[in-house]
Amino acid sequence: MSDTTVKMRDIAKDLLDKGTVDYIIGWEKGRFSNQSPPAFITSAAHVGRLIWDEYCLAGTAKYLLDDKFPTGKIGIFARGCDARAINRLIQDGQINRENIYIVGICCSGMKDPATGNTAEKCQYCTHPNPIVNDILLGDPVPETNKPERFKAIEELERLSPDEKYEYWSKQFEKCIRCYACRNVCPACNCRECFVDQYRVGWQGKQNNEDENRLFGLTRVYHIADRCIECGECARACPMGLPLMELNRKLIKDINKLFGPYEASMDTETTPPLAKYNLEDIEEFM
Amino acid sequence: MKTIAKSRINEVLDILAKESKVLVPMKVNGVSKYTPWGSEGRIALEEVNTLLPPKDTLFPQTEKMYSYKMANQEITELNIHDDSAPQIIFGVRPCDMQSIKCMDDVFLTKSFVDDFYKNKREKLTTICIGCSRVAPTCFCDSMGVDPGRHEAADVQMYDLGNSYGIEAQTEAGQALLNKLQGLIQEQAGELTAVSCTLKVDTSGISDKLAKMFEHPIWKEVSRKCIGCGTCTYLCPTCYCFDMEIKNNGNEGYRFRCWDSCMFSEYSRMAGGHNPRPSKNERIRNRFLHKLEFFNERYGKNLCVGCGRCLSKCPVNVDITLFIDKIKEVAVDEPV
Amino acid sequence: MDVIEEQKWEPKILAFCCNWCSYSGADLAGLNRMKYPENIRILRVPCSARVNPQYILRAFQKGADGVLVAGCHPGDCHYSTGNYYTRRRFLIMKRLLEYSGIDPRRFQARWVSGAEAEKFRTTVTKLCEDIKAIGPNRKLRGLK
Amino acid sequence: MSQCKCENPLVPSVVTVFKIVEETPDIKTFHISTKDGKKPFTPMPGQLGMFSLLHVGEGMFSVTAQGENHLEFAIKKCGMLTDALHEIKPGQMMGVRGPYGNGFPIELCKGKDMLFIGGGIGLAPVRSLIKYCFENRDDFGKIDIIYGARSMNDLCFKEDLFENWPKERDTNVHVTVDTGDENCPCHIGFVPAFLEEINPDPTGKIVVLCGPPIMIKFCLESLTKMGFSDEQVITTLEMRMKCGIGKCGRCNIGSKYVCLDGPVFTMAELKLLPNEF
């Protein structure tokens, strides 16, 4: 059992015993050794279920939406990505910072359950240390800007329009429209998704490459300036669509056009597409 | 026993593909699924199970039902769409074979017969390959499926190492074997029985669940569900569908497409009322459908133990853990 | 599309025009009897910022061969700042469309004031010529 | 016109709407028959038909009445399809398929006194059985009809309520509205309260109850108080139905499918089902 697991359980026990939190969201072991899904611990007697290992891949923050108006505080274990996700939800007016107690965990990356290598979502992580927390576990992990995370995007940009279209056709052909990408995404926090607004008819229900593409492109644009690069969408996708190649394209462009910006590093900075600058680049003259 | 050398499988498929579409487990674009023989991709018989189930063959994710044309108030055309054609599905595993049986129950029995399904089913020949090894997520034998064979297949094959044992189980299967005469040898072969490493005890679970509709366990089980449709779309037996229209000016078509009981929109009525408003009710409906409701109606579980949802659920909502948990619960405990 | 249909093909171009400038500009073009291609279908919107980027995708999906978003010049927005947001949004959207493989010539955003009838005409004429040159759009069509 | 001859249960047959009656501002009754003037199918009272405006969508509605050569559907405006339906004019062609569902248990009702309770559009399914009773008047005892709507304007089937039905032998029609002024010709008050005022005798009686959920709830309480048993009360359910033939899976309540095993249930049957509707 790792050192962090022990500390995690101690903290959870303490928080639950003292009544600081009503319940705490962390991770537990699944059926198999390469599964550590989210867990909800409601009493100090069950803190032994909590675990911290290299398979704690799933995000915890999105669950805060299931309990927007809690009776007491919600405890939550948060890695770097979860902390930014929490900021995201706060900034989007979904949850209240006062309602949550954040136990930050400095995270040195998780493993892909299928291969045992570093998970893709962690490979390009720029903020492994929780930027917002009430208490911090573990020693901060060195952070780098990882400009190499845009390499795949640059390569794609070099293709001709038809080649690009072909590439994305091959990807969207695979999509089964299970909406796992949307449901794990902390930026996808609309009360009602455009997909479900069936009376408006934004999205056809038939599964074909083009409807799938319409979904993919619309979703990525919806979260354009709010994507926190947690990589959950691509991880959750059962069909292995490289969804972060879409998100990062927008992030790259936003940075280039409107200046350096990282979503949800705080809860105050207005996202770039929700503001403007008189001096913005002019291409539409 | 009649056998076919593994090295000659491509020839087998070539022969079969002359007369009808042959679907083979292939890895295409990183996804393993039943793919028409001859298309780009790599044959993936070594994988225990394909990522996408074979249900698409009989019940496509999007299926055109009929097209229409209108002129003002008048309907000038209404044409039923039937794209059924002879198909052979090769290399179906016993669990997926069982799933076809479940779908047969749904679409072909109980007062109405679904013609779209029936047309395709009647033209389908199934070739099942018994499993010689199992994946850690396999639990078909707990669901009453023999991993080595399935009696409903037209042709049953057995993995004998360097060759496949092959036998016809129906007339259609025999007709198919007749076409392969030149490739079939007579050879002694030893069948090795396999069993799943993952076991669950499903005895009496249906009756027990029948008493647990209001049990607090649902809240606990559903809590980590994120409400996506991965489990239902990868499930070989989930057959729920929606029917929608694609209209373009004066013409259009009506299609049906897979739908998922995990989606909030699924049970919402026109007036806005939703009998299953939260994931609590939705998870309950899915698990009860798999293990109780279907049993009551058709006398079998709607879970075949293929293990796809176990490995692909983004948050590992695990039906086997659920079954274990149900076993432990005392039903009479105060709610 | 077979060969004969291809020869008969005329592009369908959808132009979102803001009510206060570009629509007036188009109107003025009409009043002045300026001739511009009949391939343009104008859809009047209260402000160019009203144009949800998904409308562009939807337009292509429903059969448009080209899409134009036209609004007031920056600084002239009837609602003071609407077109500044438009500018940001479509800078990004344009690049996303291009990235997903849509020919960048098929989507354009332009500032056209109420007095710029001539600019409206040249813009749509040019757009129409461009689209005619690259042929019918087959992408995003939901035909498969 | 190419019309399909085969009997695919998921494909509608083409019918023409030849008459539209505006019952209330938001309820219209549509009279349909096939192109050659026939009835598309012959439903039992309480059975359903899938009604489709091909370019908009399909919806399941109960057949409210049938004639020699036509079917009638009363439809309230409350969604995408019904909004579109309210816009159509006589002569419109559309699709219909059916009949679906179990219908009212006629055998159970035969020889009994009948009490019909309807609220708003809830009279539509009940009306098919009321009409059946009058057509086979000798098979049934005394008939009471209690019907309520929000206001005088919202009463549907006014001709039946005020002209046709009261003339029938051994029949009482009680109409109430939620709100009305002193000139209002009918009773003012909610259906459950009115029911208690009328205070019917449970002996040898079958109650058919249909209306908004809240009305059903309070009527049931009143009926139980008056001594009606669950076996005596019949109601019909609303559920989201798509295929109508027990395949698509969305109208299930437990292992029952409303489109096949329902929509008509006795209260006793309903109490055995999981509480999820």
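Going by the order they are written in, the chains are A, B, C and D; count residues from 1 in each one.
Going forward, a residue touches a chain if its C-beta (ideal position, glycine included) is under 8 Å from a C-beta of that chain, and two chains touch if they have at least 3 such contacts.
Small disclaimer: the values here were computed from a predicted structure and weren't measured.
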| item | value |
| --- | --- |
| Chain closest to the assembly centre - both centres taken as Cα means | B |
| Dominant interface by contact count, named by its two chains | B-D |
| Inter-centroid spacing, subunit B versus subunit A (mean Cα positions, whole Å) | 31 |
| Computed distance of Cα centres, subunit C from subunit A, in Å | 35 |
| Centroid spacing, where centroids are CA-atom means, of subunit A and subunit D in whole angstrom | 49 |
| Distance from the mean Cα position of subunit D to that of subunit C, given in whole angstrom | 51 |
| Subunit A residues counted as touching two or more neighbouring chains | 198, 204, 206, 208 |
| Set of subunit D residues in contact with two or more other chains | 79-80 |
| Multi-chain contact residues (two or more partners), subunit C | 142 |
| Of subunit C, residues touching subunit A in the complex | 53-54, 57-58, 61, 74-75, 81, 84-85, 87-96, 98-104, 108-111, 139-144 |
| Contacting residues of subunit A [partner subunit C, same complex] | 156-157, 161-169, 194, 202, 204, 206, 208-211, 213-214, 217-218, 220-221, 224, 246, 249-250, 253-254, 257-258, 272-273, 276-278, 280-285 |
| Residues of subunit D that touch subunit B when the two form their complex | 1-4, 6, 8-12, 14, 54-59, 78-82, 88-89, 91-95, 238-240, 242-243, 245-250, 252-255, 260, 274-277 |
| Partner subunit D, residues of subunit B touching it in the complex | 65-66, 68, 70, 73-80, 106-107, 110-116, 213-214, 239-245, 247, 250, 252, 254, 256, 259, 261, 266-271, 273, 275-276, 281, 285, 288-289, 292-294, 296-297 |
| Sites on subunit B touched by subunit A in the complex | 29-31, 51-52, 61-62, 136-137, 198, 220, 223-224, 226-230, 232-234, 242, 244, 246, 255, 257-260, 263-265, 279, 310, 312, 314-318, 320-321 |
